[in-house]
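So, here's a batch of structures to check.
Consider the two complexes below, in which chain A is the common component and chain B and chain C are the respective partners.
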Partner chain A sequence: MDTIIQQLFNAAQLGAVYALIALGYSMVYGIIRLINFAHGDIFMLGGFIGLLLTTRFGWMPFYLLLPLAMLLTALVGVTIERVAYRRLRNAQRMSVVITTLGVGIFLENLVRLTVGPETRQIPAGLPSAPVVWLQQHLGAFVTWDKLLIILISLALMAILWLVVNRTLIGTAMRAVADNKDAVPLMGVNLNLVIAVTFAIGSALAAAGGIFYGQAYSIDPYMGIDLGWKAFIAAVIGGIGSIEGAVLGSFLLAGVEVITVAYLSSNLKNGIAFGLLILLLLVWPWGIMGKPTLKKV
Partner chain B sequence: MTLLRVENLAVSYGAIKALHGINLTIEEGEIVSLLGANGAGKSTTLRAISRMLPLQGGDIFYRDQSVKNIPAHQLVAMGIGHVPEGRGIFPNLTVQENLALAAWTQKNKQRLAASYEKVFALFPRLEERRPQLGGTLSGGEQQMLAVGRALMTDCRLMLLDEPSMGLSPLLVKEVFRALQAINAQGMTILLVEQNAHMALKIAHRGYVLENGRMVLEGPATELAKDPRVKEAYLGGATT
Partner chain C sequence: MSTKPPPEHAAPPPELTPSRVRFWMVCALILALALPLQLSVDAGLFPDVLNPYYLHLLTIIGMNIILVASLNLLNGYLGEFALGHAGFMAVGAYTAALLATKALPSAAALPPVLGTCIILVVTLGGAMLMAAGIGYLIGLVTFKTVGDYLAIITLGFNMIIVNAIQNLDFVGGPRGFTGIPKNTNFLAVAVCALLTLGLLRNLIQSSFGRVWVSIRENAIAAELMGVSIAKAKNWAFTIAAAFAGLAGGLWAQNQQFITPRSFDYIKTTEILVMLYLGGMASLSGSILGVVAYTLLMELLRNLLSAFAPQLAEWRMLISPLILIIIMLTRQTGLLGNREWRWLRPRQGA
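On to the complex of A and B.
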């Protein structure tokens, strides 16, 4: 019993990190049909920005450090869109895919050159004592940082949901997803809406990178593996859907954690990707995805 | 006062010339109809005016200011509203959200409230359907929403692209009646239509485009009597 609860918390923590990455993939795809393969590396970069801030400004409390790292990573995301993607908005899909992959490789090597290839851990900014209440009542050993990572991630997702569904900029983002051509006719600057989407996606990924670096570790290439996992989670949930990205992330993390705990860690990726294939056979558009009919 | 002046406007799609240097003026308060067959360049003219297409030559003056280098979204803030072909509503946004988004450039709360009142007075159906998704509306209601959105931008000049498209004759009448009411309140309108009969009925003046060239212009009543217009656009009933 106690180990099941512990595993659930492990799954929730991993799922939260996946979700923070998957949301960026899904939002950007949702509004401009672009799969940003550099997004996993933005997640990695966010982790390293968090690491640099912690080592340089050790006095800074976590609740200041996190938003600052998110802001800086958002600026990087917006810059990448401005410099590399914007001029390709009406280009062939293949050119865009190659560009996003190239940007990803650039970021990996940039970090490797400037910070180094070693695996590092972000010093804990959150208390690591066990949650006594959970230990006494459920017999589960769960640390405060794990619980806080899950709670802060859920709060960020809730804020995102409110921004997208309850604000005018969120309405504009959904309008771009719906009918991009009509958006300028409303007096709305399309480039601004797309920039905001990249900023939000990058900021969330940065939070994911910092949480991951605290809970596990970071290295310049971590964005590849985790980026793909988050991408799979977004596809399982239905790419373009915010709710789907979150659902797919927790589902994938749950499957992975259970596989590692009760079967074998070697099977983890095989089962994760197998699940993707199976689910897409049943739901080609993902769980929450809508079938889109192409206008002819 | 001349609200819009189009001078020698030329537009190409790749190697294909869509507009060969056309001229057009619209005075404040007018309804001007732009007639022509399919592919004559009517929609291209509107899309060029609202800066959704790059110009190959010529210039566009709105209130005597060249708007050639102004991006489309800023033109809306300057007072040009565009109801695009096929209505261009956002199907997964509610009616309310469609209208709210169109008011993006309106910062004055009182004017914003007045705009909502204006739209709902003109189209009470939209007020009933406020929480409904745009895509669930009927064709006529979607057209009302498209016109309502243009009103929410607080424009002075409204460009309308085929508002009668796909609507039953009864609904066409309703939409045109609404356009006349909007015009009576001071809105200047440039109307692109295939339904030349209806368009000339409500317009003050008209232009006729053929293969990207302006071939006729004049007061609407005279155009309606012109044998060439009758032949080509009014069912060929020559008198």
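On to the complex of A and C.
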């Protein structure tokens, strides 16, 4: 019983990180129908920016460091959109996808060359003592940082939900997702809306990167693997849907944790990608997504 | 079309050198250069001029030409965005490695030249068949989707193939496959590359292959003309996979050591960079893209290590930058949709 609860928390922690990445994929896809292959590497970059800030400014408390790293990563995300993607907005779809691949490899190699290829861990910014209450009542050994990572991630997702559903810019984002051509005619600044989307997505990914670096470890190539996992989660939930991305992330994390705990950790990736292919074939619009009609 | 139609019985303008002749001339020229080159490097003649390193570079170029040209069939002529080419390369490499080490006698036990030829034909044929078979099966499911989803599914299969090999212990698992005999040399790669180019050139210009271009241009119109889209796409996928398997088989017997990790997403992206540098739907572009990319990377490495050794690794940043700049400035690549004359079917066609 206690191990099951512990595994549940492990899955929730991994799922929270997946969700923070998956939201960026889903929002960008929802708005400009672009699969941003570089998003996993933005997540990696966020982790390394967090690492840099903790090592250079050790005095900085975690609750100041997290927003600062998110802000910096958001700036990088917006810059990439401005420099590399905006000019291709009306070009062939695949040209942009290839550009995102190039940006991703560029970021990986840049971090590898400047910071080094080693696996690192972000120094603890959160208390790592076990949660006494859970230990006494459920017999589960869960540390505070794990619980806090889950809670802060959920809070960030709640803020995102409020921004998208309750603010003017959120309304504009949903409108662009609905009809990209008509919205500029209503006086909405399309470039601004897309830039804000990239900023939010990158900031959330940075939070994910820092959490991942605290809970596990970071290396320059982690964006490929985790980015793809998060993307799978977004597809499972229905790409373009915020609730779907969160739901899919926790589901995928659950499947992975079960696979590792009861089968073999070597099968983890195979099962995740097998799940993706199966889903794309039988249920391509996912749990929360809307089926699209094929226009002739 | 805009010019005045020729008189009814006028003979077609005489062609000085039909492209078929040109093609054979180019093949003969390359082989005539490759054979003495290989022999003199093997014999250790002129070690200062004929460095084995240059031959190694040419071998890599030849193998990459096979990979890029076959991917061009899918991404260029068929117009789909397939992202899993390295997976088929892995299938071919492991099949050839298994055949060469477990099933066949070593080249030393057979007559010198003929024995190596037989081994190569068997291993490479096995690699192509295996890759084609797996490509056919994957194609059956893959082409139920198009566009973004097709890209994701092919990449997913690439990851699954790599993951499966990592879990197969009899091929070494994640540690890799060691002790593969070196049966491939530059001459074998050159012959294979020329065969690939010739086959692809004829295929693409045949009525069988023009169907692919018709699907790219307008799938609905092609379907109305009686083209079975699923079948045609799967043929293209199977053929491309077979050639990727061929390149993998050559690769394994040239490098003598393979690991699953060398066939993942990063390898696929490298193939893509060369493909887009050269240009879509152009075999000439594939050749030029591979040569330009390989030479550029080697040049950068030599220049950087000569003048600024501490920056030698920074060339890793160049290849993604090339990709981004091509996409931003010249999306057709160096030679998109154009062919050198020796790769064209006939003048004006």
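Assorted remarks:
Going forward, the second predicted complex is superposed on the first by the 288 of 296 C-alpha atoms of A that agree within 3 Å, B and C clash if a C-alpha of one lies under 4 Å from a C-alpha of the other, contacts with A are read in each partner's own complex, and residues count from 1 in each chain.
Rule of thumb we're sticking to: a contact is a pair of C-beta atoms (placed from the backbone, for glycine too) under 8 Å apart; a residue touches a chain by one contact, two chains touch by 3 or more.
Keep in mind that this is a model prediction, so the values were computed, not measured.
Once chain A is used to superpose the two complexes, chain B occupies space next to chain C without a clash. Ranking chain B and chain C by residues of chain A touched puts C first.
Using the contact criterion defined above for the overlaid structures, shared-chain residue A:I4 touches neither chain B nor chain C, since it reaches no partner.
Judged by the touch definition given at the top, the superposed model places A:V103 against chain C, while chain B stays out of reach. Contacts of A:L263 after superposition: neither chain B nor chain C is touched. In the superposition on chain A, contact of A:M94 is made with chain C only, not with chain B.
Look at A:I277: by the touch rule set out above, it reaches chain C but stays clear of chain B. In the superposition on chain A, contact of A:A155 is made with neither chain B nor chain C. By the touch criterion defined above, A:L64 reaches neither chain B nor chain C.
Of the two partner chains placed by superposition, only chain B is touched by A:M186; chain C is not. Of the two partner chains, chain C is the only one that A:A84 touches; chain B does not reach it. With chain A used for the fit, chain A forms the apex of an angle whose arms reach the C-alpha centres of chain B and chain C; rounded to a multiple of 10, it measures 90°.
Chain B and chain C never share a C-alpha pair closer than 17 Å once the two structures are laid over each other. Interface of chain B with chain A (complex): residues 50, 52, 71-74, 76-77, 81-82, 84, 88-93, 97, 100-102, 104-105, 149, 153. Touching chain C in their complex are the following residues of chain A: 35, 84, 87-88, 91-99, 101-106, 109-110, 112-113, 224, 228, 231, 235, 266-267, 269-270, 273-274, 276-277, 280-281, 284, 296. On chain A, the positions that touch chain B within their shared complex are 168, 171-172, 174-175, 177-179, 181-190.
Chain C contributes residues 81, 141, 144-145, 147-149, 151-153, 155-157, 159-160, 163-164, 166-167, 220, 265-266, 269, 272-273, 276, 313-314, 316-317, 319-321, 323-324, 327-328, 331 to its touches with chain A in the complex.
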